[in-house]
Structure formats: C-alpha cells, structure tokens
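In the two complexes below, chain A is the common chain; its partner is chain B in one and chain C in the other.
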Partner chain A sequence: MSLAEEYTEASDNSHLERGVAYVQRNSRAYLLIAPAAVFLLAVVGYPIIETFRLSLYQSPADSNIETFVGLQHYVEIFDSDIFYRLLWQTGRWVVAGVAGKTLLGLLIAVHLKGDIRGRKFFRTAFLIPWGIPYAISAVVFRWIEHPQFGYLNAILLKLGIIEQGVGILGNPSIAWLGVVVADIWIGTPFMAIIFLAGLQSIPQELYEAAAIDGAEKWHQFRYITLPQLKSVVLIATLLSTIWTFVSFDVIWTMTGGGPISSTATLVIHIYQVGLQNGNLGRGAAYSVIGFLFLFVFAIIYLRIYTRGGDEL
Partner chain B sequence: MTMAGHDRSNLRKVRLYGVLIALLGLMMLPFYAMFSSTLKPESEIFAAPATLVPSDPSIQAYLQVWTQTDVLLWVGNSFIISVGTVVLTLLLAIPAAYSCARNDFVGKRTFLLSVLVVQMFAPVVLIVGLFDVITQMGLFNTYLAVIVPAAAFTLPFNVWMLYGYFKTIPVALEESARIDGASQLQILTKIVLPLTKPALVASITYTFLYAWNRLLFVLTFLTDSAKYNIPRGVFSMVGALQTDWRMMLTVSVIGIIPLLILFAFLEEYIVAGMTAGAVKE
Partner chain C sequence: MQPDNNDRSGEDSIDRRRLLQALGAGGAIAIAGCSGGGESGGDGDSESGGGSGDSGTQSVQFLTMGVGDNIKQFFEENNAAFEDEHDVDVEFTSVTWDNARQTVNNRVDGGEAPDVSRWPARWIPQLVGKDALEPLDDMMDGEFGEQFYDGVAEGTVYNGSHYGVPWAASNKCLYYNKDVFETAGLDPEDPSLDSWQDMLDAATQIRDSDASVPALGLAGADAIETGSQYYHYHWSHGADLVDDEGMPVVNSSGAVDALSLYTDLHLEHNVTQSSPLSSTRQDIRQLFENGDLGMVIGHVYTGLNITAAKENDEVDFDYGIVQVPRGPEGRYSLFTIDTLAILSQSEHKDLARDLIRFYFDEERRFQYSKQKGFLPVVEAVGERSYFSDSENWGPFVEAGQYARARPKLSNFSEFNDRMVQAIQEALADRKSPQKALNDAQSDLEDAME
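Right, the complex of A and B next:
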C-alpha cells in the first residue's frame, strides 16, 4: 500500500523514474516469472482476444477473406431457437451430472472415512476411473449401452425389466441420460477424494462430544459433517460445474452431439460450428457466450478462494 | 464390551464393508465389461444379448491387436506428448513459482490470480482462437501443436502447487548455502528442488495424466494419423457404419495399463495433487 501512496504523491516524471528503479531492483523476480507470463499471454491471452475479434467477422476457415459484420452473429444467435435449446440441454447436462457426482462422491467418502482395513486399496480403486482417458471411458460406455450386444441390455433382459433390447444412445429423448451416466462415472472419484480430505480434517472431538450427548448417526451427519464440510462441497461442486460445462471428449466420443443434436451442449456446438463446419466467426461468437458463463463461475470461484484474504 | 455391543459393532462393520464393496462393484463394472469383452472370440462378442461371462475365454484379441492396429505407435505418441508437456510445463512453472514464493513485487498477486483464471478458461471455449494461434505459429500437425496448449492449461496447477510448496521451505537453508558460495542455480537445483520432491511428483503426475488423456487437442491440431495418441487412436476406431469393438476394447485395455501402473505407485501423490488443486489447506 505504501508504495501506491508514494506514487500518488510523486510528480509524473519521478513516477516513471521510480517505476524503472523499482523494476530494476526486482529484475530477477520479474525475469523469473516472465517466461510463464509471456507463454500464457501468447497461448491463452491472445486466443481470447482473437476469439472476440473473430466473432465480429464473417470468416470461413478455408479462405482468407474476412468481412466485418459487427454484432450480426450475436443477433442471429439470440434470435435462433437452437441457442435456447442448447442452453436447456447444457443446463440439464450440468445439473444432472454435478448432482450425480456430488451425491455418489459423498456416499463413497463417508464410507471411506473411518479407520477401515484396506483403505489404500479402496482409495486407489475408486480413483482409477478419474485417471483414464475420457475417450476410452466413453467408448466403453458406448459398448455397454450397445442396443444389441451391450451388457446393460443383457442385464436388464435377465432381470426381466425389459423384453427387448433398447438403444439408449440412438433415442433422442434419452440419449443424454446415457451420456450423463458415463460423465458421472468419470467425475465421481474426484468428488469422493476431495470430500474424503474434507471429512478427515473435521476434528474428531466434535463427534465424540456428540456421541456422549447421544446424538444419532444421522444427526451427527446433519449437524456436524455437513456444516463442517460446507466450504469443501462449495469449491468441489463449483469446479465440477465448470468442468462439466466445458466437457467435450465424452459427448463427442459417445454421440458426437447426436442423435438430432439432442446431446449437444454449448461447447459441442462451438466445435461443430467453428471447426467442423469451418464457420470461425459464428463459432467464435458462441465461444464468447461460453466465456461469459465461465466468467461468472470464475468470479464466484475467486470470491470463495480468496475469502481468507491474505494468503497470497 | 457387552455381547450386544459387540454384535452391533460387528453388524456395523458388515454393513460398512457391504456398502463399500457394492459401490466399488458399481464403479468397476465398466472395467469388467471392457476386459471380459476382450477375452471373447470374434463370434461371441457379437452375440445378442451379450454373454456376461465369456464362455470360452482366450487372449487371441491381444495377439491380433499388434498386427491389426497401430496401438504401439499410439502409446509411443502418448509418451512423447506427455513427457514433452511435463518438461515444458516445469521449465515455465518452476522459475515462476519460485519467484513468487521468494519475492514480494508489484504484480505478483495479479499474476497468481490470472493464472488461476486461466484454469477456468477451458480449452474448448478457446479452441477457435487457439486454432488461429497454432496455425500462425506454424505448429499445425506437429507434436508441439498438442504440447503447447496442454502446457498452457496445466501450468496454473503447477505454478500454484509449487508456489505453495516453495513457501514452506525455510529461507535460512538457502541463505546458508549462499554464504557457502553456492550460485542461485545451484541453490535451486541442489537444495530447493530435492526438498520439493513430493510437490514435484504430484505436479508431474497431474501433467502427465492430463496430456495422456486429452482427445481435443489431437483431434483439432493433428491430422497426421502417425502422430495420434491413445485417445485419438481409440476414437479413430469408431467407424461410421461398423466398429471393430473387439479390437477397440483391446486397444483401450492396453492404453490404460501404463496408467494403472502409475496409479499403483503414485496414489498418494495423485491424491495430494487433486486435493491441493481444489481445496486450500
């Protein structure tokens, strides 16, 4: 703070001089962060600006002709039915996915918390789905849900729940559920591990005191575990929301956004329009809309993350 | 402990392990479906409804996969891409994290927070702009076309992980080394980095996995099939009309074996990395 005060008191000329002197004094510190900063500016910062610029142009990928069209892309997007359908499909994808991962993750974490035998084994085993390529998980689920040869149909037939095989991924009204299941399976381990870490940081005395007071298991969970776990759950679900919102590999591998675009989300549409169909300008406009969503998430995240204030 | 109490505690244990094993079974089911399918002969894999247990298990698919697919090439490419990403990320992250941990300078907070925001900016929403950058840099269809964006998106995690860890190493250690005449570089490589091993292992594991697993960058920036990684290779086997499920699942099993080995040895570090990435201590 004192530095900023010095700056405001100084005249313009010495302002500059002091600045130069300051940078020189700290040259090594700046030199060391420079490569990372420059790299991020080039690979992340510049594409952000480029995306904004492109969104104002009519720009087919296979030619170098760009025509300035102003906000036309945005106007057309907000006027189209596709956009609202995408919002709805993205929303249900995120809500169902995050809810599934959170609940299942919590269930696993609560059961792993105690002093159980073989904890390392269980922890490793539960972690594995998170670590393998999404594209591989996706093809495996595609195989499980195969209308003729899939395991899911075989099990359901055996249990007498269905009479003939159903094709989940080929059916526009339920295909998204078939993809969400894969997404939940992939995302649950992260939640379980984060929740487990959170659970283990709860002071054991709280439970001992509650046990002496005769509190039942459910009450202990409701009045000790959940409140103590609140901030962990908040961070984890927020991160999960962001990751689910931008998840690409699973949907792309399982359905490619189909059938009849029923599993497409905003990011799938960005890819289809911008790169597959080569309409860079329109794809960029959709990206900017995606940025805005992420921006909101990012602000909430930073708020929660820096709530302590001075750990930087 | 009374008999009744003993019984109840036993019952609780049975219930606990019962739930755990049921949950584990649920999570392992896809692996079972994948693995058991690869043990079926060609005729059985296309049986409707599917047989839940292979009637005549054989490793035939594993013998065929080497000649019928490019699985070795894809695994090799995955290694090149993952190792490249790890090296590039660490070269950028270590100096930056060290500088932030040891110095107080104007712009540090901005730098660290911007890095955190980068993590929010998922690659897919940037893909259109990124496509421009990769093409302009002349990287299209080279390994770097995948390594460069992967490094950019793993850099935030690495900077924060290492920054947090560097701060816990006492400055006194470095000062006494300096008095003994060690250079800045010697202090970093001989004293600081060896002490940072746990964080480094977590960083490397996270970055390696990230680069190994990603389909998007390879799908978008590599058209040369000789440079495909494992996810891209598996994806390329999904046919428009017909898919050779048996070979594809076999490639998948082979593609995840290196990861399973990694997990068995580095489980603690992976967990440390995951938790450090999301939850502050």
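Right, the complex of A and C next:
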C-alpha cells in the first residue's frame, strides 16, 4: 500500500469515525426531530417522489393500467415546440407579473409610510384585493375586459376612443397582458404590506443624517431605502415568483389558457394534459420539469442575493 | 391612559367562561359536521360513507351535476319521496359542471364512487375503460327501455351495451330577433333562414341596416362549447370528425368549406359581434337574451329564459325559432344526452336500479323536462301537448329528426380542444382554414395512435 493510499484510508476511516461519533453525540437531538422529519418526508417528499414515478409511466384516461415508458415523456416534451412556447409564455407571465407587483407594491408602500391623510384607511383598503379569492377577482376582471359587457370597453366607447368593443382576452397577441393586469392587481397588496413592514424597520436616524448632509429624496431612496430593503425584497420577490409561476386560478378563470393557448403557462398545460385529457404520466413529467425549474431558480436567486455575505 | 388600555383588553380578551362556550359551540359544530353528508345537497338526515345509517337504514349515494335553483326543489322533493317509499337514505350530492369530471374521476379512482350518477353520455367510453360502469342491458332491453326514443336510447350504447339510462337530452335551433329583422327590412314572420347562405344574406342585411346590434352571435372562446357551436357547420358540409375506425378525418374539403364559412362570417362579412374569440356560447346566448343580437344558435332554454324575462318586464322584444340552417350536405342539430349510470363499485346496485326506475315515472319526467328546459327522453312525455304545441318547445321537438351526437371517444375532451384551437387559429386569421385543419388532423392522428 502506497503512502497516499494509506493516507486516504486513514482519512476515510477518521471521517467515518468522526461521523459516527457525531451522530452518537447528537443521538438525542436526532431522536427528537425524527417525528417531524418523518412527517416532512411523508407530506413533502412522498408527493414529489410519486410525481416522478408517475412521469415514467403511460397512464391513459380510459384505463387504470399503467405502462412503464422510462424517460419517453421527457424526451417527447423536450422535442416538442409546445414546451418551448410554454417556457416563453411562463417566463413572460412571471417576469411581467412579479415586476409589476414589486414596483407597484414598493410605490404604494413608500406612500403609505409617509404621513398622509387617511393613512389607516388606505392601508386597509389596499389589502382588500388580496382578501378576495383569486377566482372571484379573475371573474371580475374578465367581465371588466369583456368586449360586449365590460366596463373598460363601455368607457372607451363612450369617450369615442374605440368604435366597437375590443376583445382583449380574445386577442392572441395581447390576451396575456389582460391577464397579467388582473394578477398584478391581486398580488400587489401582499408586496406593499411586506415592503411597508420593511420600510418601518429602517432607522429614521439614517434619513435624518442624510437630510442634514443634503441628500435629496431620490438619493435617500437610492442609498438608504433600497439597500436596507434588500433582504425584504429578496424574500418578497422570491415568494412572488414561486406563487406567480404556479398560479392557476387567474389564468384559468379568465381565459382557460387561450385563445390559441396564448395565455397558457406550464401549470395550465399540466392541468390540461394531466387532468383534462387524462394523460397523467405526461402531466407528471411536465410537473417534474416545472419543479426543477423553480428549484434551480430558487438556489441561483439566493446565491446571487447572499453573495455579499447577507443572511436571510 | 391606563384605564383605556384596561377597557380595551377587557373587550378583546376572552374569559374562561366564554372560552368554554366557544369550545362547546365549536364541538357541537364539529359533531354536526361529522354526522352530515359532506357535500350533501341538503337532504339533512343522510349518513355519510357507509351503506347504512345508525338506524340500520340503507343509503344510496346519488351524484349529479349542475343542479340550479330551478330544479333543486325537484330533487329535494323526489329524493324525500323515494326515501319514504323505500325506507332508505338518499345521499344526494350536486357539483358544478366545472368540477364534475374531476369529482367523478377522483371518486372512481379513490374507490369512493357513488351508487348512481348522472353525466354526459360522452364520458361513457372513458369510464367503461376504467371498468367503472355497470352494464344496464337488463333494464334497457326490457319494457323499461321501450319508453325511450330510439335515438336517445342509442346514445347510451357503447361496445354493444347500454352503460346508462338516458336522463335528459338537448339539441339546438336558430333563434332570431323579430324586432331586429323588422328594422332590417326582413320579414319577421317568414325569415327565410333555411340555408347557411340564407342566414348570411339576412345577417348582411342586418349589418347594413339601422339595427344597432350585431347580426349574428359566433362563439370562438377557449371553451368546450365553441366546438359544439361549430360542428353544425362542419357536419352540414359533409365533413366528419372521425371515420368508422375512430380515426380523425377533420380536414376534408367539406371541413375546410365549413371552417371557411365560420371564419368568413367574422373576418370577411363582419356580421358577428366584435371579437368572437372572447365570446363563449354563454356570452352570445346572453347577448341574444338581452335583445342585443340578431341571431344565435341556442338551446330551448334560451327561449324559456326570454319568455320568463318578458313576463317580468325585464326585456321587450319578440323572437322566432327556426331549424339550424342546412348546408350542402344536409342539416344537423347537435344532440347531447345525459345519462344516469350505476357504478360498478356500488354495493347497492338493486337499490340504485330502484332509484332510477323511480325517477322515470312519467309525471316526474314531465316535471323535470318542464322545469329544467331539457328535451323529453321518454316518448310519452314528448308527445304531451305541453311540448308539441309550445312555440318554444315545438321547433326543438321537430329538430329531433336532425339530431346528431358527437362521436364517443375516450379522449374526446382532448380531441375537441384541438378542434377548438383550429377554429381559433382560423378566426384569429393566424392560419388559413385549410392549414388550421391540416395541423389539427396531424396532431389528432398522433394523439389517437
């Protein structure tokens, strides 16, 4: 045995021994967290494993018989044009939605933090959209944007801006914008409240010192507010991204993913393929892909934001 | 300030007595919830889950869809009557149509299928494939089955067996607004709407007249019903959806002509409401019922709704009903059948049969069709003067001769979705009708392999 091999073996042994010793030393702690760990594995781990298992099978709508097909679903998905169109549409939906909610939420939070008249009323009022079930809000927006029955078109017609009702949700080019507006309206209050909480935790002395130094409002916002809000923004946008990515109610209620699948996202397609058309295996494969996307996104996102040493 | 704080805390906090009261109330609610029937449709005393209640009474689970206010009382009264007659509990559950298919699949897959359920006949193939349905040839081949119209009874047959009892049927006719026709210089009493060309001519005349409403309602939204509105055009041009082997044949020359006509109504002739791609079948029906549309293809309940609205002074216009226009290869009216089925998981199949027989009492059938606005499926009921002499019902009874059902495919939902996409692609002018249907044909061939 060479010196190097002896060293490696010794090193391995010491690693193993150290590991065993560590477990023995903390055995009581492991025992105490075991029930929670088992529970987590059951409610979080099992569905993920089952979804992956399902994605390896063909399960037609008209039969209970599952046939093992390996990675066939994945190969077909990556080969299809639909998948890349869905990726683009999902990305567009998430980026526009999260950006809209973040910017609007920040704007509202900054104004609500100020000493404005009726602040309590506005703080409460801004929460209302978030308190309404998503599906109900989506129905309301569908009607608002309806070419024959909607307020939006009625107002534009009255003002003489248009000659006949414009079907926003029926136009494949702009339907997604019509849906994003509803999503932003629904999701903004959450962002505003989170940002408001973050703003209130910033020491007032920083602003006072900056004001004495002659910093204008914009500079105070740029060099005090934004850096101090960094961790809040991180968490809020991460959560919002995940929620928007998996959002189903708004799109489904407003457009059903149409017209011509122009508003369909990965989640909508998963529902259509897996549950409407009964192709559970294919739907599960899409789900696994979606899950991996979110997982990788979350890791990269946190890495980038914690690069400077900040901790959440 | 101290007293204020104390006062507030006194208001907001719960003392021990209140806490016990709250827990007691919560417990009572929990117990009541446990003893109730889950999603029960309101027949209070039912026991959940099992085959018999505490009293030893048998129970039968009856699942149905879309019970609206107009028919809720019908089910409540008749379920109660069946309970009295057979000394059983009827666990009645109604779910909305949106959730219906998922509910059924979940319950079947979870081994918790109801004993009796009502659903569209087009679901039969999928459920038969799952061995979820009990064949009902013993009922339908005997005296009981003779009461149904032949075509209606045929609608429940799959692979040579009856897998349901026809519960309700619906077909369609063309409605026209007599006031709009008069404004456009058309004869409201003799509208001459026999063919698609006649319909287009009338629509063009309305478009060019002083009538301030769109001439024709066209469905194009991403909804299953868009297909059912379009298939009239498709079939009447000699096109089909599948061949005898069940393979797709959606891009025949007749199909291209049909889709061309459908899209030209909007893109070339401009006789439809704006943005058909935003409009579901319900939207255009609503427009017509409001008096804001010249013509629409609709069910019998469109007329019933307008009649009711007129009686309540909510609308004020006259309408007429004619057959769906004829195409070069004939005239068709889309025919939909709902069935009552017995689930193979049921442990009370005899009781389930009794429940079905109970609901097919002639008077009950009459009351159901009358209140719900569905065509009678029992001949003796359909022959009653209430239907044959009615201005609302008469044209639909006559349309029975043009009835055509959608093909029974286990993946019809997927099939229909793809057809709706083709319709949308053409309506949005993204693809020519030929290209849209060719692409649909190709995708459907892959899906049906």
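Note that in this section the second predicted complex is superposed on the first by the 243 of 312 C-alpha atoms of A that agree within 3 Å, B and C clash if a C-alpha of one lies under 4 Å from a C-alpha of the other, contacts with A are read in each partner's own complex, and residues count from 1 in each chain.
The definition used in the following text is that a residue touches a chain if its C-beta (ideal position, glycine included) is under 8 Å from a C-beta of that chain, and two chains touch if they have at least 3 such contacts.
These figures come from a predicted structure and were not determined experimentally.
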item	value
Partner chain in contact with A:259 - chain B first, chain C second, else both or neither	second
Superposed model, chain A: greater residue contact from chain B or chain C	B
First, second, both or neither for A:144, with chain B first and chain C second	first
First, second, both or neither for A:165, with chain B first and chain C second	both
Partner chain in contact with A:174 - chain B first, chain C second, else both or neither	neither
Contacts of A:37 with chain B and chain C, given as first, second, both or neither	first
Chain B versus chain C as contact partner of A:16, first or second or both or neither	neither
First (chain B), second (chain C), both or neither touched by A:296	neither
Touching partner for A:283 - first (chain B), second (chain C), both, neither	first
First, second, both or neither for A:116, with chain B first and chain C second	first
Common interface positions of chain A, toward chain B and toward chain C	146, 148-149, 165, 275
Chain A contact footprint on chain B (complex, rising order)	16-17, 19-20, 23-24, 27-31, 33-34, 37, 45-52, 91-93, 95-96, 98-100, 102-103, 105-109, 111-118, 120-133, 148-149, 151-153, 155, 159, 209, 212-216, 219-220, 230-232, 234-235, 238, 245, 248-249, 252, 255-256, 259-260, 262-264, 267, 270-271, 274-275, 278-280
Chain C residues within the chain A interface of the complex	101-102, 105, 109, 125-126, 128-131, 220-223, 273-279, 283, 286-287, 292, 410-411, 413-414, 417, 420-421, 424-425, 428, 430
Residues of chain A defined as touching chain C within the complex	60-64, 146-149, 164-172, 255-261, 272, 275-279
Contact set on chain A toward chain B in their complex	3, 22, 26, 28-33, 35-37, 39-40, 42-44, 46-51, 54, 104, 107-108, 111-112, 114, 116, 120, 122-129, 131-137, 139-144, 146, 148-151, 153-155, 157-158, 165, 185, 188-190, 193-194, 197-198, 232, 235-236, 239, 242-243, 245-246, 248-249, 252-253, 267, 270-271, 274-275, 280, 283-284, 287, 290-291, 294, 297-298, 301-302, 305-306, 308, 311-312
